[in-house]
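In what comes next, subunit A is part of two complexes: it sits with subunit B in the first one and with subunit C in the second one.
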Partner chain A sequence: MGNHSDGSPNHSGTVATAGQNEVEKFQDPGLPPHRLRLADTDPKAAKRAERQVALLFGTSVVGTLIFLVAYFAIDLGDGTGIATVRLQNMLLGLGTAFAMLGIGTGIVHWAKALMPDHEVSEERHAIRTEEDRQAAVRIVDDIAEETGIKRRPLIRNTLLGAVALAPLPALAIFGDLGPRPDDALKHTMWAPQDGKLKRLARDPDGTPIKAADVTIGSAFHVIPEGLNELHEHKLEEKAKAVVLLMRLNPESLNPSPGREDWAYNGIVAYSKICTHVGCPVALYEQQTHHLLCPCHQSTFDLTQECKVIFGPASRPLPQLPIAVDSEGYLVATSDFKEPVGPSYWERDEHERSINA
Partner chain B sequence: MKALSQKRRHPLAAIALLLMGLLVTGGLYAVATTVNQAKASTSFSANDAEEGGKLFAANCATCHGMGASGSQAGPSLVGVGAAAVDFQVGTGRMPMQMNGPQAYKKPAQFNEEQTHQLSAYVASLGPGPSIPEASVLDGQGDAANGGELFRVNCAMCHNAAAAGGALTRGKFAPALSGVSEKHIYEAMVTGPQNMPVFSDANIGPEGKRDIITFLKQIEANGSPGGADLGALGPVSEGLFVWIAGLGVIIAFTIWLTSRTS
Partner chain C sequence: MSAVSTPNAPAFVAKTKGGRITNFVDERVGGSGMLREFGRKVFPDHWSFMFGEVALYSFVILLLSGTFLTFFFDPSMAETRYQGSYMPLKNVEMSVAYSSSLDISFDVRGGLFMRQVHHWSALLFVASVSVHMLRVFFTGAFRKPREMNWVVGSVLLILSMAAGFTGYSLPDDLLSGNGLRIIDGVIKSIPVIGTYISFFLFGGEFPGTMVIGRLYMLHILLVPALILLMIVMHLFMVVVHKHTQYPGPGRNDGNVVGYPLGPVYAAKAGGFFFIVFGVVALMAGFFTINPIWNYGPYDPSPVSAGTQPDWYIGFVDGALRLMPGTIGNWSVEQVWFGQVFSFNVLVPALVPAGILFTVMFMYPWIERWITKDDREHHVLDRPRNAPTRTAIGMAGFVWYCVMWAAAGSDLIATHFHVSLNDVTYWLRTLFFIGPIIAFVVTKRIALALQRKDREIALHGRETGRIVRLPHGEFIEVHAPLDEYKRYKLVGFESPSPLPAEPNANGVVDKKEKRRAKLSQWFFEDRVAPATPAELEAAHGHGAHEAIESGETQKTLSR
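Let's look at the complex of A and B:
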């Protein structure tokens, strides 16, 4: 773009020209006349602005004091109610906000109302001259000449090789970051251990559940027995193994062939992990037998083996086959017959190998 | 009277009025709650059941059938227990105003005594959960344990802050603030409407007492951080930040670039 004020002809397509050969000229309008502020003319106004700035800085001081008082004076000892903690949080936040805002707004108001506000224009300089460009090219040429990189290809090639190989250790290190999931998503804690079937236990206390405890209309939140005793990866295991246990009238269940013995007396157990993106599906309506996922409203129908009847989930919730052991406790007869939770790259392969 | 009418435009009049209003409401509430606590009798006399039977025939039998055996319009009530009746009638959900996905809470249609008689009648039809003892409703349990149980068993529908939430096809889990201890307990034992049943074999009476303690604790602690915007999470909070937060930023940019007069 040309400089509009230097009088050179302007043929930019956006500027309409009045006549055929007439040159459109812009007069540099210059700066508008300087307008004095109230504080420039009226000493009283200046004094007032000064007080306002001081008041803003004072606000900042008060904010800092609020922060310090809230931090040190509010005692968060044992038995402190949540209200006190949240009150302190609020005061800390308000204190910091006032402390920062006071300084910021004070400086801005000071600059706007009291500091000199005469307009200054700076001339635009040419960005590049031909001499500067030549000088830069000469410097690069000098470097190439003095290092002798053109004359000594051995050095050049070994340097290129060294630089190309240097990132390889990083590849190896990053490739080993953390354990690879391998088939961790394929199994859960429900798989029988040493021939012993896992009992269904209450979340969070881990006590086993008797079949007789589960009355019609009940919903139990279930974890595998032994989960609470894990020392490592407890949350990871829980995230895969959580199950919702419900009891319906046995007539309302419609098991497909091969799944007739997965329920016990109308008691069914389904994975709580949504097959869409893995939210816990635990909103159970005991009259309609719908299970609702709170994240994206996927709805599963318990009477049709948790078929998706609404929402973005694409697969039914996996069912956990259950039975009753000799003492009357509910046990899982095997692990889930498919990987739980949302899709992942190797899922189909894992499902095939589980059912093989 | 003249003095009163002269002073009514006094600047402090509004504050005085507000204080008076608060005192009256608070006093009435205190009286009402002690009345509630006083009447936690769970024993029914034969007369209660008889009177309840008459009330039932007049008000409930249309849908639930004579003898509470159920009809096309309403389920059988044999074996639902006194707790179910006390909850449904005591919170005004029954008699139902109209057919719909869910019965709404509304001012109770029957007084304490009538509710008691209806409970007695239904309890006499078959064994079911009874009205809870006052000892599990005292709110003196372990709030921390109650909080954990609440987050595992209740929070998915009723919201982590007990503010309620939506279910499928027009149904919803109601907010739990302002619900009496007794009604919370009864809802857990009986599983009204689409709520699952949390029998004593699932969450024992102690656990239920802890949950009630937790709920009353968070209700009493309120929201000292200011408006909780319904405690609904990202929807209301996001809306507030987009409107108020961006508004403040725009206001600041206008102020920064404006000329001082």
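Let's look at the complex of A and C:
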């Protein structure tokens, strides 16, 4: 480089300013003359500023009192409405604000009006001296020399190898943070249990839905029957199994080959978990037959088997094959034919093994 | 080390009480050297230096209010039925974490206030760190010798966002739960190890029963400890370097002009803590933030429309929204060799943030390489006097803002009654051309301001006084500047492009040629500061030619 600054300011070793010094420049006139404030010359003004500061500190005392009164006088017991909580919160805030702003503005006013406001100039010292630098370099060299690390590559290389491997146990020890994913994401609760098909039930109360109750244009938030009775992993199961149920005019559905019997009389069920990053696709636009995810606005078209027509999702929502049981209730004839929710590395593998 | 005070040497007795206390401490820890060094240390004063102070003080407020909250918060995800005094949620099944957050809000006196103080100051913390960084960038305060402190500051920005996000998720309400859901989706999109990381973070399938406890530990221990460590390093370096100062008469790279720490600067800075606290308290008292009781407990099924993350996560969320998942019939998500590559999630989640932070971390070195400027800088640049840097900064800022605005695309659509799709298409366009427009416009504005400065330096300021000359001409009288005000307008350095130089072997290599091109781009458009000769000419002839000649001085030193 040949461009090392010794650390002292103004010692330009560069050419970035080439040509600058050839032109005559304005000289620095130095600090402007100090201008006195009113309080410096007029004792009355100084006295006034003093009283103002004291008044501000006094305001702070009032603020503290407001806080204490609001804290002790307002009781939050059973049955207090949200209005009381809000009132107390407001008064506590007001009290603290006065207490703090009183002190703060008082001190700042004091500093600005009464403390000396002479700006002073102080020399900057070099961060380091050249002598120190040379000594430090020498020390580093000496230390390296005394360890002999350069002369003994065997020591150096084995040390590097050992140090490189030593953190591995520190990583491995986190192995029990969670179970292996295995097939967990492949299945949902909709899989028939002991040969019994799962009924579609209303979210959140869990009552089963009769096909006759589903009128054209209506939509239901659906959970599998028995979800509410689970004792553990309820939220985990729900996070995969929630479904949207809608009924359209059967003509407007265009089922692809193999999916003709997945709907019943215009009633279709699709996973509610967005294939983008997993938000619930909660908005059903009844007129356009679009499903919209409120998180990132992925839009799915029901009439095209929930194909993505807008937004960041890449895959259609998985469809749940449904039918009606002997009592007229809607049931899932099988689990989803693909993993639901956001994509993951093994997703395609899982889908292939489901359909194999 | 015996006999510190011998009978022969009479012990020093201070005359004042303050002196005696100082002496007491000094005799035991030897603090007088430190006090001598720092007691009157000079700090430059400027309103824009307060952003860093706001950041520091909001962190102190976070520690204070956060400690209070930990006394009542229970990070357990065990199921419980709410029995507190908020009627609408009575007997609702929820996690202990959410229930205890409700208790803090409704059954602990002052709990809601502390929650709101904590949340508002968290928002303020990230905001002030960001604005402080913008100030440092646009004034060139990151230049040698402060590059490492810039890096520490950038780490602090990331840590402040990490602290914010881990805290945001703790109440386990519907809104934050959906936020975690999104994080889970993003993590799962990571190739090869994504599914494992997700299972390890959540202790199994999402949402599991572990994640709140784990985030809690990160939020109250690891992240704040790291922030504290970084703050100590940051301030230590500020002391080592001494503060930068704005350019002006009497200020140069060899001095610091300002108020002594004691009493003025300490009083102002100390008083400012109380002001920040007071403003946060005012916001907490009057403006509701994160009303978790309205959202309900987390449930994977419902979600409300128009949901927003805290502001600092907005740019990532916005990038997620802007990315199209399908282009025509082509799916952005690809299956290669039987494995899934979710580019529609991976790219927006990692690439823009990655570019922003990489450029941010490296910028001091990038500029140093282009300009070959190895000098120490303690006097700041006025942003207009570094037009290209200012333009680069604005391009990055606008890029960030486009993504940030995209996080509210649905709200923009509903508030202004426009189509959501159109808003997205426009923002997608702006994502690409916004930074370019910002760059060009900013650079032109900076150059125009420089010309304005020249004009004022040479001809004085407009007085608004119209005078009719004997021969009938009307002119506006210009009042000449005093030398101090003028120096502020002319006392800057306007480097010209630095052509490629041969290296030690006498060869101009490719890298050096590239550097010379960038230097050309960086410095070619410049307005040279007015010179005494020009001032003389302007006064002598009362004419405008002098400025014109200065303006067109596009120095191409090749």
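By our rule, the second predicted complex is superposed on the first by the 223 of 356 C-alpha atoms of A that agree within 3 Å, B and C clash if a C-alpha of one lies under 4 Å from a C-alpha of the other, contacts with A are read in each partner's own complex, and residues count from 1 in each chain.
Quick note on the criterion: contacts are C-beta pairs under 8 Å (C-beta built on N, C-alpha and C of every residue); 3 or more make two chains touch, one makes a residue touch a chain.
Only a predicted model underlies this, so the values are computations on that prediction, with no experimental measurement involved.
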{"item": "Partner chain in contact with A:V62 - subunit B first, subunit C second, else both or neither", "value": "neither"}
{"item": "Partner chain in contact with A:H221 - subunit B first, subunit C second, else both or neither", "value": "both"}
{"item": "Which of subunit B and subunit C A:E285 touches, first, second, both or neither", "value": "first"}
{"item": "First (subunit B), second (subunit C), both or neither touched by A:F310", "value": "both"}
{"item": "Subunit B versus subunit C as contact partner of A:H296, first or second or both or neither", "value": "second"}
{"item": "Which superposed partner A:R124 touches (first subunit B, second subunit C, both, neither)", "value": "second"}
{"item": "Partner chain in contact with A:L159 - subunit B first, subunit C second, else both or neither", "value": "neither"}
{"item": "Contacts of A:L87 with subunit B and subunit C, given as first, second, both or neither", "value": "first"}
{"item": "Touching partner for A:L235 - first (subunit B), second (subunit C), both, neither", "value": "second"}
{"item": "Where subunit A meets both subunit C and subunit B, residue numbers", "value": "82, 89-90, 108, 112, 203-204, 221, 280, 282-283, 294, 297, 310"}
{"item": "Touching residues (chain side subunit A, partner subunit B) in the complex", "value": "35, 37-39, 81-83, 86-87, 89-90, 108, 112-113, 202-204, 210, 212-221, 246, 280, 282-288, 290, 292, 294, 297, 299, 310"}
{"item": "For the subunit A and subunit C complex, residues of the former touching the latter", "value": "1-5, 7-20, 23-26, 28-32, 71, 74, 76-80, 82, 85, 88-94, 96-108, 110-112, 115-117, 119-124, 127, 174, 177-181, 184-185, 203-204, 221, 223, 233, 235-236, 238-240, 242, 272-274, 276-280, 282-283, 294-298, 308, 310-315, 341-349, 352"}
{"item": "Footprint of subunit A on subunit B - complex, ascending", "value": "148-149, 152-153, 156-157, 165, 167-169, 171, 173, 191, 193-199, 201-202, 217-218, 221-226, 255-256, 259-261"}
